[in-house]
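Taking it in order: structure first as structure tokens, then the write-up.
Letters A, B and C name the chains as they come in the text, with residue numbers starting at 1 for each one.
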Amino acid sequence: MAANNFRHALFCAFITLIISYPIIGFNLEAQGINVTLTGADATTIVMVLLAAVIVFLFQMFREQIMGGLKSIPHPLPQSNKEPMAENRRAKIESWVLTGIVVLALFWPFFVSRGSVDLATLVLIYVMLALGLNVVVGLAGLLDLGYVAFYAVGAYTFALLSQYTGISFWLALPIGALLAALFGLVLGFPVLRLRGDYLAIVTLGFGEIIRILLNNWTTLTGGPNGIGGIPDPTLFGMEFGRRVKEEGNTSFHETFGIAYSGEHKVIFLYLIALVLAVFTALVIRRFMRMPVGRAWEALREDEIAARSLGLSRTAVKLSAFTIGAFFAGFAGTVFASKQGFISPESFVFLESAIILAIVVLGGMGSQIGVVLAAIAVTILPELAREFSEYRMLIFGAAMVLMMVWRPQGLMPMRRIHIELKRQE
Amino acid sequence: MRTSVKKLVTAVSTSVALMGAGHAAAEIQIGIAGPMTGPVAQYGDMQFSGARMAIEQINANGGVMGEELVAVEYDDVCDPKQAVTVANSLVNDGVRFVIGHLCSSSTQPASDIYEDEGILMVTPASTSPEITERGYELVFRTIGLDSMQGPVAANYIASQSPERVAIVHDKQQYGEGIATAVRDTLKDAGVEIAMFEGITAGDKDFSSLVTKLKQADVDYVYYGGYHPELGLILRQADSAGLDARFMGPEGVGNKDINTIAGEAAEGLLVTLPPAFDQKAENQALVKAFQDKGEDPSGPFVLTSYTAVQLVAEGIEAADSTDPFDVAAALREGTFQTPIGTVEYDKAGDMKSFEFVVYEWHSDGSKTPVN
Amino acid sequence: MQDLLYFSQQLINGLTIGSTYALIAIGYTMVYGIIGMINFAHGEIYMIGAYTALIAITGLAALGIAWLPLILIVALLCAMIVSSSMGWAVERVAYRPVRGRHRLIPLISAIGMSIFLQNYVHLAQGSRNIGFPALIDGGFNFGSGDGFQMSLSYMQITIFITTLICMTALSLFISRSRTGRACRAVSQDLGMANLLGIDTNRIISATFVIGAALAAVAGLLLGMYYGSVDPLFGFIAGLKAFTAAVLGGIGSIPGAMLGGLILGVAESMTSGYLSGEYKDVISFSLLILILLFKPTGLLGKPEVEKI
């Protein structure tokens, strides 16, 4: 046994060397017109060797290590406790949430403009992640082209404002509804597909939308994008230095205060906050409604759910459409915040990031998703020297989460009894 | 796809060079906003190196109106989303003069904020005509427009009286912009355009395109875009036996194209700003860069240097640090800079910015074509 | 005549690309056939193969070795070894622990792995496009001197022949060898195969290794054919190859070949007769249509929903 273990450990260490040394240990560099190969510096090579040694030791003493890990008490003790009664937990949760929202309402008046702007971006991601959470977390449909609906929302506002001069407030529902319509039209044929096929089809759809936006130059401006998207107004008051649209007044003149660019930024933040809270509340409501239960039922066991008379298409379609609706919401806010959009902002990676937020937060869990959105957007800001590694860490985190904690950081909890599996 | 993915690999910078933050009274902050990380960071390096050098030299000569210039650097990763965040932090930090941004798609949304907040922006690299088309008061650039570079290339092609010309672009703002300008000028010159087509940036297989070019029997192919794709097109065209002359904008004119295309890069025509670092009057400056171990030959190093210099001279001329006064002074004055004599029109574009046609060689060198 | 030559040239272009799609598609199709998951990171393994081959070629050139067959063989071996090890490690780290869980979990794990590997190479080798030496030059030309000339390069011929050899070898392996038979047994019924004494874990590992080795072959061939590598080109190629696998019927090895060729030809005809801008739109639309109307693909077996 020990010899066997040793052989296996040696093999693993050897594989580690093979997959890391050639790629990390040699660097291809363009020197003038030639490509040359340079060896990496000593520290890098030592690191590679160290990695192999670690893998060796881990594999060698795998059983002891795993046994040791199991005997350590779980870092999140509540997972062993009986779950709190749902109504009590819900009560505490809603108090905490209300507190956070109130705090978030007043927070922008005390911090810098850059932070408020960043917070607006976080809130847009929160909206997106909450929407995707319905599709992936609750209904269990892996949507890899979610960014398409986000793009539909953003482009709807941009195009309508360009051609008809529509205001933000009118565009908000139109953008969201149009995105929902896209979700419905796309969802109708593809939702018959099984999970992994669905993932690929949505991915393809997302790419098709982006390519079309990029190629349809006469309508969307192609790669040049669309600029001059108006900011939101407050009862016809604009926040710019000068009033751009006739019939509007400006905010600072109406109230007789000095012009400050911060008003606009804070106003946008507040809009995003209200919409994010609205999104969260609506989705919460849905989760408790029969349709919400149906989503989860279908996710857990499709055949059983269908036997109980749930219409697969209707249930999945509702999740898909609602998810798309909120992506449209977020898209409109994004367009307004940016003032300029181009297809560059709607690439597959954006979908992957939103998915990563949902996965990290815990599929189905709202608080988890909000926390993950904050973490994913803000952490790279704080640890700048690591920002190069952000996507690497993302990828690794997604794998590790799936392996060790597929329920996410803050898993969705329900009262449930688990039957012992009959072996 | 390709670039944007990498953009997100790295995040926005709010790192602020806090040199001398203690004595804020006697200094003028100059923001430098561009990509420090991400796929186009190599161009960002040019921008930062040029601007830093200018600030150093101006300070060494006693600063501006007796005050020291202080560089405040921001990283926008060339991502429109992060450019807006950067612009907001800039407002926050009370910076009133910005050198940047690099990519047109970042410059455009950021300039909305600068104009609103009364911040003067000079971009040393963004060539999209739209940036100065919107009647903004505080937007300037020290580089030519796509719509200036395109006609230079088109006129050269027309002067060779070709029978048929094909125009290919990469469906990105920069590439398609220049390609459109080339097409329009060629049309006016009465040259037959056999093909005007986009490709996908990041693609590797151009065999179908090359076949199509062969079928169209063109004499010249103009490519609007960057070197990775043109390098592959050149190489695949060469192996398929396509007999046409290729031409491209300054985005293809760097040595990386030689590593990809090899021998096939010989004879490629490139429009470039004149090599400022070759000018006799700039040799002292070139030496200063070389002493620091930096390379002044990149296309945006001296434009960036000039941008800082113009801000400084504008402040001197206006005798004020109010961005609106400085903007007015810039529009009135005539300035001697490393990139030549600069005069601005109402939109904030230079009245003249020269592009020269070069012939590229397979060893990475270039010679001007007359 | 001119038009016919043009058509044939586009056909050759399409078949060339198609054969390499097929080589990559094998990896998808075998893994799907056996454990029913999409190995999203397969495109990255192909990319790593191309990088390793380039590193080997550049290294040999630096050592002053110029004998072409030796360079090719060494590059191919290096690429295959590194890619296969990578395939093995990926399965061990990211897929085996989640095997048998809910369908979404291995899929998300695979996407994570794909992002990880992309950035791994990006950080180690930089994001620049790096030129890949051509090594095999020249070719045949057909057609009259002044009109359109059709060309068939030695490189394209190499790609055809290599693909053919790999496919034949693989088919023989699957149908004749002991491991191949075990592979088929596992793909029929994993649990049953296990009961009958087949080491299913080993067979699954072997599948990943074989798929990765073929992807490495494609990496070297395409690197030489196209002329450059960058850390991100694996993803889109992987997506295309997956489309090819689905088109031909996922799980079926001749299907992967057929799907690859059809997709390659469809793309090159779109570029040749319509516009290159819509190439990707066509291949994605093809994928969506196939999945909607014939989810089992052209040569796939209809799948019975297991309860």
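By definition in this document, a contact is a pair of C-beta atoms (placed from the backbone, for glycine too) under 8 Å apart; a residue touches a chain by one contact, two chains touch by 3 or more.
Note that the coordinates shown come from a computational prediction; the quantities given were computed from them, not determined experimentally.
Peer 1: With centres defined from CA atoms, tell me which chain sits nearest the overall protein centre.
Peer 2: Of all chains shown, the one whose C-alpha centre lies nearest the global C-alpha mean is A.
Peer 1: Compared with chain B, which chain's mean CA position is the farthest off?
Peer 2: Result for the farthest chain: C.
Peer 1: What is the distance in Å between the mean C-alpha positions of chain B and chain C?
Peer 2: 38
Peer 1: In whole angstrom, what separates the CA-based centres of chain A and chain B?
Peer 2: So the centre of chain A lies 34 Å away from the centre of chain B.
Peer 1: Counting only residues that touch at least 2 other chains, which ones in chain C make the list?
Peer 2: 118-119, 128, 130-131, 277, 280
Peer 1: Quick check: what residues of chain A touch more than one other chain, meaning two or more?
Peer 2: 30, 35, 211, 215, 388, 391-392
Peer 1: Going through chain B residue by residue, note those that touch at least 2 other chains and give them in order.
Peer 2: Each of 1, 5, 9, 171, 198, 200, 256, 258-259 in chain B touches at least two other chains.
Peer 1: List the residues on chain A that touch chain B in their complex, please.
Peer 2: 30, 32-35, 112-114, 116-118, 121, 211, 214-215, 217, 222-225, 227-228, 240-241, 261, 264-265, 337-342, 344-345, 347-350, 353, 380-381, 384, 387-388, 390-392
Peer 1: Mind listing the chain C positions that touch chain A in their complex?
Peer 2: 37-38, 48, 51-52, 54-56, 58-59, 62, 78, 81-82, 85-86, 88-89, 93-94, 97-98, 101-109, 111-121, 123-126, 128, 130-131, 239, 242-243, 246, 277-278, 280-281, 284-285, 287-288, 291-292, 295, 305, 307
Peer 1: Touching residues of chain C toward chain B in the complex: what are they?
Peer 2: 2, 6, 9-10, 13-14, 16-17, 118-119, 122, 127-134, 137, 139, 141, 148-149, 151, 153, 155, 222, 226-228, 230, 232-233, 235-236, 267-268, 271-272, 275-277, 279-280
Peer 1: Under the stated contact criterion, what part of chain A meets chain C in this complex?
Peer 2: Chain A reaches chain C through residues 15-16, 18-19, 22-24, 26-30, 35-37, 136, 140, 142, 144, 189-190, 192-197, 199-201, 203-205, 207-208, 211-212, 215, 303, 352, 355-356, 359, 388-389, 391-392, 394-399, 401-403, 406.
Peer 1: Across the complex, what residues on chain B touch chain A?
Peer 2: Those in contact with chain A are residues 1, 3-5, 8-15, 37, 79-81, 84-85, 88-89, 91-93, 105, 108-109, 112-113, 116-118, 128, 130, 134, 171-173, 176-177, 198, 200, 255-256, 258-259, 362-364.
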